[in-house]
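Residue numbering begins at 1 within each chain, and the chains themselves are lettered A, B, C and D in the order written.
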Amino acid sequence: MERPHPRPNLASRPSAGILGNERMSALSDGIFAIVLTLLVLEVKVPEAVKSAEELNLALSEIWPKVLGYVISFVVIGLYWIIQHNIFQYIKRHDRPLLWLNLVFLMCVASMPFPSGLIVRYPDAQAPVIIMAAGFITTGLALDLVWWYASTHQRLVDQRVTPTLIKLVHQRLLGDLIFHLAAIGLSFVSVPLAKLMFVLSVGLYILPSRLSAYHHQQTGTSGNAHSAGDEPAE
Amino acid sequence: MERPHPRPNLASRPSAGILGNERMSALSDGIFAIVLTLLVLEVKVPEAVKSAEELNLALSEIWPKVLGYVISFVVIGLYWIIQHNIFQYIKRHDRPLLWLNLVFLMCVASMPFPSGLIVRYPDAQAPVIIMAAGFITTGLALDLVWWYASTHQRLVDQRVTPTLIKLVHQRLLGDLIFHLAAIGLSFVSVPLAKLMFVLSVGLYILPSRLSAYHHQQTGTSGNAHSAGDEPAE
Amino acid sequence: MERPHPRPNLASRPSAGILGNERMSALSDGIFAIVLTLLVLEVKVPEAVKSAEELNLALSEIWPKVLGYVISFVVIGLYWIIQHNIFQYIKRHDRPLLWLNLVFLMCVASMPFPSGLIVRYPDAQAPVIIMAAGFITTGLALDLVWWYASTHQRLVDQRVTPTLIKLVHQRLLGDLIFHLAAIGLSFVSVPLAKLMFVLSVGLYILPSRLSAYHHQQTGTSGNAHSAGDEPAE
Amino acid sequence: MERPHPRPNLASRPSAGILGNERMSALSDGIFAIVLTLLVLEVKVPEAVKSAEELNLALSEIWPKVLGYVISFVVIGLYWIIQHNIFQYIKRHDRPLLWLNLVFLMCVASMPFPSGLIVRYPDAQAPVIIMAAGFITTGLALDLVWWYASTHQRLVDQRVTPTLIKLVHQRLLGDLIFHLAAIGLSFVSVPLAKLMFVLSVGLYILPSRLSAYHHQQTGTSGNAHSAGDEPAE
């Protein structure tokens, strides 16, 4: 269902929907900001400590939670970057797009639950499966947003080509392999399954063919992206 | 009091108030974002679990809370969409509109209380009545915002016709029937009363005559909505 | 220190500072949104209830907290409206204005403490004094923002007259009388002192000479406010 | 790595990246707003108090926490002001800048942990070291943002001169001396180490050579800053 169906003469199709996604962006940024800030509350200040030695000991044992904070922050930050990039192309909205974006935000806002679960039970299998399922749902929801806006309706601006549509889908759906692998591996080894999460993030941070495509478009002129009939963001 | 009084030559009435509702929108988006994000905190990570079996059992019993999260998210997301759509037409504000919008936001911000109550006591009648009363108040407050901005004062842009004013009112007030029914049915059966909430949401997600009206206005040309004398949002 | 010093030929003074207060507004709206949303967390879902009767009893006793929620929401909403209105005139900023606004926001962000205190100890005198002191500090901080932006530096737009400067000061400082009275009365009667808070809010909601002045400026033409050399907001 | 490398003919280098940082600002403002508002939750309403005398006693002992609130608010507010000022010059972004800003925000969002730690254990050494390390990391992250945007890539607007680049770096890195001193002094005396935090803030609030440079640029004409080819903010 999320597969792109690039049609001939994309740019010649008339735009649909209503111009201006400022409030959809504002709601998204607000939800991301709160989720990102609530993450640190998992790293609790040690209580019932009686001496400086005990405090140092308690703090030295807090490192796994700090690592969990950093990884969760990076993963959710990654979703923000992808959604941010997608919405540089989506200029218009209709009612279904508002709903699809809300579904994506519902997935993002639910992240503190699997994140807290995995910190609380680091050796159990269930939290890993729940987290992977959460990532898969979130990724599919965002891919659905992109498919709806770019292909089903024409809510994007003129410079969106079939190549770009395909590259964004590859980016969003390529991630699923790691998360499906994490579910499979969780039956063998929980640490190995968690490694899939780290690999998936690491791969996203590296430059990709999509970034190269962006770069190629913006490389010759600094403001090629704002050359369309509408402002760049 | 919320009935619209469509007057002849609406478009010829001079605009009132001060242009620019960015900060009213920003405060609204902020409050919606926080309320939507706080909802997941009701789904608590199981504590005092000693084995993997116990954890799986505890997680399998968490599904009603997850369902409650999804329904609450959709309901509050729905209010956001309606307010978002209304404020695509409201371009100006005066002091009473700021207050009316604050009253609406006060209703929205109070949602975590009935939501938490209904999750904590799923079989009791009182939470259902409180939640229905909350929905009724929130709907009336938003209808009051619309009535004030579109009819009492002229804070909307030129393309708002009497037909549109009426359709928005129908949408906002039509919902009340379900919530009044929920209160009535709660004396007979709590699950039946809760079904009214689901029905009300389901009906809102479906396309309506209001959507059709929007569509008709924007269908022939992609930017009919931005054809007014002011930007579309 | 907060007294205005209206000077001749205000409009002819050159503007100072840097144009654009979007991010100052965004930070303010964010803090207001969070404070307003956290208020409802004081209204806690009853725990350890065994029967429907006990739940109804517990809920019927929750009304004072609901009233406290409404009053706190209205008071903080009032500060938002005043700051919102002031920043319709303040178009520029410099470093001291950023700091003065942060001091005001620090006062606003601290509100949940006295609010929680007064809900927890409704009959004690100390919470009333702390809350009154909080209101006085917040009001003075906002008055300082206004004095600095309108009189000390010239960060406001051309249409700000000495009359307007004076009326805003009267509005902001007139409130202090009620809060000083609340402190004094708290030594006699706590409920009487709390009545001062209600009176102060009631008076602010009523139309004032400042509103009349605004109205007079915008009454003849709907967009007189945007007739300046800069956008209205 | 954070050292600036001012190159000749900065203004003649072509701009890189994509125009428009609204959403990066919105996410930043959201995270700052939440962190600033969560700080007050450290100041807890006294519980288990039986008489007015006990309440007054408990409240009189709360002052150190209030002071901690004020200092934390000012420190985090300071980071907001610096980032705000930097982003008045940064007009464009690319993928690495989004990530560097997220790293900076990750540092900011983690602040409630050392802040809560230092309030909970005011006499211990470890919290002071953790807080100083947090300040150093946050400062370096923001300096990296500035270095990347101003020197490595050309994401700033035309009016950014080598002198300005250098002054911003001095401001950001000059702070490190105090925080390194705090770590060193913490082995001798915890209160002395904390004094370094206060000194560092005090120095930032005072006017600096950077402010003077700004002032010089904006002094002769009120809108010199908006004279570039792009809007001032």
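The working rule: a residue touches a chain if its C-beta (ideal position, glycine included) is under 8 Å from a C-beta of that chain, and two chains touch if they have at least 3 such contacts.
On a predicted model such as this, the values are computed, not experimentally measured, just so you know.
At the interface between subunit A and subunit B, two copies of one sequence, fewer than half of the residue numbers in use appear on both sides, so the contact is built from largely different positions. Bringing subunit C onto subunit D by least-squares fit of CA atoms involves turning it by 90°, to the nearest 5. Put simply, the C-alpha centre of subunit A and that of subunit B have 27 angstrom between them. Centre-to-centre separation between subunit B and subunit D, using Cα means, comes to 38 Å. Under the contact definition stated at the top, the residues of subunit B that touch 2 or more other chains are 26, 29-30, 33-34.
Against subunit C, the residues of subunit D that register as touching in their complex are 25-26, 29-30, 32-34, 36-37, 39-41, 43, 45, 47, 49, 52, 55-56, 59, 69-70, 73-74, 77, 80-81, 84, 87-88, 205, 207, 211, 214, 218, 221-223, 225-226, 231-233. Of all residues in subunit B, only 14-20, 22-24, 26-27, 29-31, 33-35, 38, 92, 95, 98-99, 102, 105-106, 109-110, 112-113, 116-117, 120-121, 124-126, 130, 154 touch subunit C in the complex they form.
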